[in-house]
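To keep things simple, chains are lettered A, B, C and D as they appear, and every chain counts its residues starting from 1.
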């Protein structure tokens, strides 16, 4: 799992947008961001792509916590509540794990534990190259 | 449509990640980004969240080209081809437009016109506040 | 809620395919089917459309348990485990409820409580016509 | 392709619901149904599961038109227009084809060529067992 964390910590897009992995377990992960002006859209709320990226980072950490390299085939997101400030936490859990396919659900919540968005993604799992 | 462009051009998250709207029509839009190191994940390819954001920006421009304010209810993305460099263009088109709901498809292609990702999103349309 | 059950019990497609609502609460519902030859695809496993319909029926019952008429805007399903026999139960729960939009998750499980499929759908809620 | 058609024509759930494959090409397929009372929900319109099944059958025919056995990993559907009668045609096309993964889009239209639903599904492709 150290390798995964190293991989995920090299995620330049997440770093550039001040998102961080705060926890990785077997098939689980948590990521976090504190909302700044850079995360907002033209309406003054956190941009959908910022929420997606925070969830995707949790998915990437959780799905790469196993022995294989996992990449997303597809993902979907539901936007539940618009937010403009505060700290958001994305929590990923594994719904299914097969030889080459894994399915992960992610919830994003704010500090009041309100549900901000739900995310689901299917991972394709490859043997790591040496 | 000027208002939409103004709204979209104030998208701080898109600006912070060097994505730009290059075209807006009635229910259509194009966005573009030139891949830099800041867009990459730990595997050295463009992060899924960066692709999502580029598509989402095209969706936002297209869905806000109408007389109402449109926000995304949900969105899904399929990742077709990993890319590491070059200029990516997202093209949004309107599949359906009802009084309060609109559906939009976005394709992301590279300079060789290869399909990189497909995106679909459902917009909720609100009366603008004066 | 009596009205909802009446509405759902008139679902001819569900009836024709021997699916039944076994429970409806506020924002929740359970549906059930016992697999017969009519539910199978050419590979001998339960057809994706049959699983979708069972989940959709649970969604319809749950989303119509409120005071408004709810129709699906979109839905997605993940197929986790192929099954060929036994009784399948779909359980729907409400993730979010706004004035005109509701979000519901459904899980389908077999008698061994194994996860067969997950389903998510967004409802559009209309005032009932008198 | 004869094998595919044979496989798809043995789809008991589709047969039970009077849906038929009318065309199969390389990565493409068309399916059709004429709406009867058995396809309706409690509101008197074609049930979402019936539309899903018609689209899924087109997806199954298109994705199994290749040399491998294809099964759906996930699928999503957008419900555009409610219908109560007439003949519906689902047309599937291949968006992407990799060694183990294929992506397919399906459109359902009525006789007036109006868009009724859009469907997208990701196939997992397995070597056929001899």
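The working rule: a residue touches a chain if its C-beta (ideal position, glycine included) is under 8 Å from a C-beta of that chain, and two chains touch if they have at least 3 such contacts.
All figures in this text were calculated on a predicted structure; none of them were measured in a lab.
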Fill in the blank from the handout: Larger contact count among B-C and A-C belongs to A-C
Problem - Chain at maximum distance from chain B, centres defined as averaged CA atoms - result: C
Fill in the blank from the handout: Distance in whole angstrom between the CA centres of chain A and chain C is 28
Practice task
Mind checking the centre-to-centre distance between chain A and chain B? Centres are C-alpha means, answer in whole Å.
Solution key: 20
Problem - For chain B paired with chain C, centre-to-centre distance based on mean C-alpha positions, whole Å - result: 32
Fill in the blank from the handout: The positions of chain A in contact with two or more other chains are 73-74, 76, 78, 122
Handout entry: For the chain C and chain A complex, residues of the former touching the latter
Key = 76, 78, 80-81, 95-96, 103, 105, 115, 118, 120, 122
Problem - Residues on chain A engaged by chain B in the complex (per definition of touch) - result: 6-14, 16-17, 37-43, 46-50, 52-54, 56-57, 60, 69, 71-79, 82
Practice task
Mind listing the chain D positions that touch chain A in their complex?
Solution key: 73-74, 76, 100-101, 122, 124
